[in-house]
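We call the chains A, B, C and D, going by the order they appear; numbering starts again at 1 in every chain.
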Amino acid sequence: MDFVYLLLQLVSAIVVAPLFDGISRKLRAKFQSRIGPSIFQTYYDIYKLLKRGRTKSSSTSYIYQVSPYLLFICAAAMFCALPITYGAQSAPLSQFSDIFVLLYLGALFRFIFIVAGIDTANPFAGVSASREGTIGFYTEEVAVICLIVVMMGTGSTSLSYISSLVQEGSYGYAVPSFSIASTAFLWVMYVETGRKPYDLAEAEQELQEGVLGEFCGKDFAIIDIAILLKQMTVLGFFLVIFMPWAGLVDNPILSLIIFLAEIGFLYVMGVFIDNFGPRFTINKGMKRTMLFALAISCTSLALYIMGI
Amino acid sequence: MQTIYTLFLLASLLSLALYKKPLLAQKVGFGLASVISLYAAVFFFSNFDETLIWKLPGNFISLPQFRLDSVGMFFSFLVSFIAFAVSLFSFDYAKFYEKKANLAVFASLFNAFILSMLLVIASDNVFSFMLLWEIMTLISALLILINDGEGASKNVMIYLGIAQIGASCLMVALIIMASIAGTFEFSKFDHLEMGMGMSITLFSLLLIGLGSKAGMFPFHVWLPIAYCQCPSNASALMSGVMIKVALFAFIKFSLLLPQFAYFGYILLTMGALSCIFGIIYALVSNDYKASIAYSSCENVGIIFLGLGGAFYGLGTNSPIIALIGFIAAFFHILNHAVFKSLLFMLSGNVFTATNTRDMDALGGLHKKMPITSIIFFVTALSICALPPLNGFASEWIVYKTMVIGGIEEGASSRFFFSLAIIALSITGAMAIMAFSKVYGAIFLGVARDTKCVEEAKEVSFSRLLPLGLLASLCVGFGLFMNDVVSILSKIVLTIIPQTSVSTYGFISMPIIVMVMVLCSILPFIFLYLLKANNKEVRVTDPWACGFIYNKNMQIGSNSFTGDIRKALSFLLKHEQEIKLDGYFSKVVYTKKTHDLFWEKLYAPVIDMVMLIADKIGIFQNGRTNLYAGYILIYLCLVLIFGYYYL
Amino acid sequence: MDILLLILIIPFVCGVVMFLMPQKFQILQKVHVVLSICVSALLLSAVSKVVNGVQLSIFHNFIFLDSLGAIFLSLIAITGLLVNIYATTYMKWELEDGHINIKEVKNYFALSFIFTWTMSLSVLCNNIAFMWAAIEATTLASVFLVAVKNDKKSTESGYKYIVLCSIGLAFALYATILLYSAANGKIDGEAMLYTNLLANAANLDSMALKLVFIFALIGFGTKAGLAPTHTWLPDVHAEGPAPTSALLSGVLLKCAMLGLIRYYAVVANGVGFDFVQSIMIVSGTLTLFISAFFLIRQHNVKRMFAYHSIAHMGVIAFGLGVGGAIGLFAALFHCAAHSFTKALAFCSTGNIAKIYGTKDMTKMGSMIRIAPLTAVLFGIAICSLVGVPGFAIFVSEFLIFKAAAVDGKYILMGIFALALAIIFIADFSHFFLASFGKVEGKVEHNGEMKLSENLPLIALAILIVSFGIWQFDSFTFLLDESVKNIVKQ
Amino acid sequence: MANINIIDIIAVLMMGTSFAVFGLRQYRHSVLAYALQTLLLVAIFLALYTKYGTHELLAWSVTAFIIKVVCVPLYLMRLIKKLNLVVEDEPVGGFFISPVVALSFSLAVAMMFYKVFIHFSIFKDVLPLFAASFIFMMGIFGFILRTSFIKQILSYCLFENGIHLSLALMAYTSHELVEVGILTDAVFAVIIMSILAKRFYASYGSLDTSKAVNLRG
């Protein structure tokens, strides 16, 4: 039964993800005084891509062919690791929903992303593959520092266990290090969604997604979905640890709906930051902005170490 | 047990006896090595629970006794198993070195090397341990010299020099321990009585002595130098198992000391530093073998993190941390042995096919060597600790150890364990970049230097077979993680105080795989339902902003790490050279990264010694009058010394 | 006739017989080998008696052979024999190349017996003044073994050898005189006999003994090559023919060391071990480090080995300095180990010089391909010299570490380890330079030597390895006995 | 009383001759000075013999006279004649400075030594003991400061004399063989050194040993 719910969780996320993307695009257009596309535009895009024919670069190898599916698997598995429709009591799945599993699935995603970029031999793809790796280098340690506080505070790496603790209130915002960590973690997760000032998710050939330059047709459609799913996952990661209120509802379907709504809200809110911030070159951007996140996370860690 | 040792000795001698027929010797030597090591692996595996003792007959100095307990069995198994794969690989591979050295000697040294490692593990006496330890070092040095060539002797010297410094520390530590224990046999060393200062000093000496061999920071400088010089099968053995032998010795000896929590802190710090610096240099080097070699340093760091947790647990009497820490360390030792030897053998395949180690010259090799490429991909995933492979399994347990250790009260333990987690996570992020780069630059894209890649072709089946075997183990150890852990915990329980607790919430790898498989079905359903366009794919040149595509446009291994190099410029020292002659000519751009620790730590010492060595010649300038003067002056000095200070 | 008396006569007679031989190389070679075997057999039979527990002495204890002497006598016998056999091969090459003439070869062979004779004498003397005279005689006997040729360098080395050794030994004579006058009247019996002195050491004036030891250190230390009075050693070892260097380094230095050890024993039993140990530590450390630094930039293979001899004399001094039963045992073991090793090392330089026609290691290379056996033998010598386990020298170095650890002298362990590490690195880099890589200079003799020519070297190599891993009970017995005599626990 | 004076006087004379051996430029003169010194040594032996009545010293004086007063100087004279040399080369520090330095340092060292020696000596005569260590040191300084090979041989003979004197003073009771052994060594050393000197002259064209610096480092 757990697996059925899990499938439901996944499929529903896939279904609504383009919608959130559409809303945020619409909203951004409004900010920029444009009419903008319909909020269902992302659905149309994906559908159109599915029907398109494909070309591929002469240099590509099997990686090019399998990478869309691999990327999708990673993103989907990551999303499955979020304990929304199941909880700590679900024996098999709670062995799966683990912080490090989630982080390393993300790493797998990144690995395949980079390799796929290099495989196309496209100069842009190569550069953006490099940037993808660099961003990973910057974000990972901040994320982990925040997570250390949580993991050590709760004594577990299991996501479902942590979120149940936070739900019960036996661990949570009363602990100063936890609340400080939440700020930094939100920041990191925002960076991971691939937006300004770190990236521009919907602009192909820009920064990270230059990797996708050589992809087209149905391959591209699958990658698109995978990326959307990943963006939702990283936001969900934040929610599951720091605002696991959706789990308070006993009915899994209901909590799923609440959860998706929360993600949608965060996703759309991201546009505000996205739209008003400047853009930097990657090194400058990282140095200027990630230092704050790092400082915040280190503060929370220091607080934890001192036992506050 | 003695049969195995004798067989290896005979194999070694036999291949040396075929000195005049090197090709036959190669077949016989490596063939025998693989058969014997397979037998040995089976033997050691089936005797995990037993303790075997064997005394060497005859009047040898200090009557060497050989003793294998469970841990020794495990490491012996590891050595012989990896040796099996590597010798199977060498069966064909060694021919590549036909012109450089006599293959009979190669095969003989190879057998002797395996034998020496097995004996080091089994030796139960300070004297015989040191003897075998140095012989192991020496044989490995000779194996490096099989690939004799430009700068070979200098490279070997760096290896031997660091090994010797380590061996001195090790010997001093062991002899002090033996003198305190009053015996030279390790098995009678129990309850050494000493204070904390002494214990930590000895521990540090052991760490330097064995860590230097294991490639720990800051002794890692020999890794890239020696492994790049080495034939790949030898580097596979060295990195795959010789390092593990050092770790085994480290675990064995450190357990004999009175335990303190500081041991854990020292190990965690050194482990964290090794991880980070190892992977940084692995990331920025342009030589794939150097990259793989540096990653040994990283992995040893990870193992040290696990051990750090374990020793912390022993020092603070919390057996659960000790248990999980040791399991983590042992599991990662096992995994590292598998994937590192695999990587080195793969690099051997690449090198024999292309004759270059420069990643900026390679590319697109997948089309020429598909199987090698796919195995490399699996291994790269494994070494990056990506689920669901074995690297992830062990690294997860390491993380688990750190987390459990960090829960403890007390700021220092929290500090060190948090530091370790941070280091490990940075390492994880950089490892992904490093190995995606290595894999991408070698196998994917378009060949950057067409000449190198043109001639390349897939290697023979006998070379692919062991690779496939090990690669399937990479997957297998990951999938059956819990079974491996339960075997390891049995072994670990023999060396730590008994603990009844065995409920540690481990992740379940099969479920991860199941979920992933489940997810993999979705896109196909999705494509089917929406009736995706499945027409033939049109092949074009890569898109290049409208310019005509040129293979030099793709990203190279150097430029790939450009951003990170800039970000880490305070840690990396590079030499950048841009040659520009004339507007229309080609720009030559070279960038070389130096090992900071070589320049800041080793080079000054070497320079100083050299300076003294240069200047000391004044003392001996050939003037007899002066020499006669020395005698008189020395007499006066000794008289003064003798009369006033004694 | 008593065996000791035979030893006093036979080698000398052999030398005279060699002088009277006709100038034909074939005959000289055979006679030399046969006589060497006879002499060595004689010496070894004396040693075997000591091993069986008999203390030999003649002329009212004027000449005697104790266990300590037996160790050194066996070195003279074994190393001397193998080197002498190698010398015939070496001289054949020299003759073929026209470096020397047949008359010089004959004189060389004859003198080598006289040299053996003087060395055995120095070991056998119980009278300390006579021992001094014998050691001085070894210098005189070996001058023309070193300065075989008539050229500048050869003469220079001979000159430095005799001058510096004589100066140094003059101090040793002073030590002898002082010891005698300090002992005269204070002890029973003849005051110049080592055995008497050792037995009554406690009665002697401690100031006198301290002074005596310092003089002896300078005196015998000069001859034994302890820094900074070692200066003659590299020149002489580098210039002499390979077998001479092997004999000088392998045996002669040990005989001088024996002199020092005898004084060490007397003084230590008189004034206590602390004094002698600290002096020896200082001397040993100084020697080790000076030679280690000289080794680094030494590209002449024979000079390198010469500095090695100094370094190992330093090790022996260090062993004596660390002291205790184990330290002394180690020092004595080191004498034997170093003797075999250095003999092999210098003999292999004979082969190497034959192959490349030069002693400069930067001009060599790829020896492992040209002459694998020589390269392996050379490698064994180097490995043993730098203290790689499994070879003889490691055993004594290990024991020195052990002695220091047992006494809690941890700082000494550190110093010793550091010096050994420098020597190790310096040496192996030279070894690789010569054995691997490309040939930098030219190759004069492309190919391995004949097996029969290499036999003595192989025998030495086997000795080195077997002493490294095997425990020879009779040898250990000798060492234990001598240590017991000195330490008197 | 008179005897003591004689011994003291002879001792002082020996010191003077040792200075002469060291300082004289002409080889012949040096050798003659050496012969004279050895004669004085024999005289001291005899004086001691008459004073203390020790038979060993008589035997010593006879052997010393034959070997060291007659044979060695004659041999050296022959060597000088054969090599056709008259004057020595410039020593370290020049002809004037070098003897002064040697003299002062030898005096200083001898002052230090003789006090120690007197502690052990069988004969408690101050001046001869002082002379013994002084002559010995002059010999050593001959090696340190003089570069001429012949001068170095003479220096060897000098410190040999010094040792001989101290032997007579401190250990005359020892076995006769000791004396024989030491003297034999000395003679052989002189012979070998002169052979080397000839060779040296043949290869270097002079007896200046400071030219022999080919072996170094």
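As a convention for this text, a contact is a pair of C-beta atoms (placed from the backbone, for glycine too) under 8 Å apart; a residue touches a chain by one contact, two chains touch by 3 or more.
On a predicted model such as this, the values are computed, not experimentally measured, just so you know.
Identification of common neighbours of chain A and chain C yields B.
Sorting all chain pairs by how many C-beta pairs they have in contact places A-B at the top.
The most central chain, judged by the distance from its Cα centroid to the centroid of all protein Cα atoms shown, is B. Each chain's centre was taken as the mean of its CA atoms, and the one lying most distant from chain C is A. Our note on geometry: chain B versus chain D, Cα centroid distance of 69 Å, whole angstroms.
Annotation: 31 Å between the Cα-based centres of chain C and chain D. Between the CA-based centres of chain A and chain D the separation comes to 99 Å, rounded to the whole angstrom.
Averaged C-alpha coordinates give centres for chain A and chain B that are 35 Å from one another. Annotation for chain D: residues touching 2 or more other chains are 140, 143, 209, 212, 214-215, 217. In chain A, no residue touches at least two other chains. Residue positions of chain B with contacts to 2 or more other chains are 617, 620, 622, 624, 628, 631. Contacting chain pairs (ordered by label): A-B, B-C, B-D, C-D. Chain B contributes residues 617, 620-625, 628-629, 631-632 to its touches with chain D in the complex. Partner chain C is touched in their complex by these residues of chain B: 58-61, 127, 130-135, 138, 145, 148-149, 152-154, 156-157, 160-161, 164-165, 168-169, 171-172, 175-176, 178-179, 609-610, 612-614, 616-617, 619-620, 622, 624, 627-628, 630-631, 634-635, 638-639, 641-643, 645-646. Interface residues of chain B, counted against chain A in their complex, comprise 363-364, 366-367, 370, 373-374, 377, 380-381, 384-387, 392, 395-396, 399-400, 403-404, 406-407, 409, 411, 414-415, 417-418, 421-422, 425-426, 428-430, 432-433, 435-437, 439-441, 443-446, 505-508, 511-512, 515-516, 518-520, 522-523, 526-527, 530-535, 537-545, 551, 553-555, 559-564, 566-567. Chain D makes touch with chain B in their complex at residues 92, 140, 143-147, 209-210, 212-217. By the touch criterion stated above, chain A contacts chain B in their complex at residues 3, 6-7, 10-11, 14, 47, 50-59, 61-63, 68-69, 72-73, 76-77, 80, 92-93, 95-96, 98, 100-101, 103-105, 107-108, 110-111, 114-115, 117-127, 129-131, 133-134, 136-141, 143-145, 148, 151-152, 155-158, 213-214, 217-218, 221-222, 225, 282-283, 286-287, 301, 304-307.
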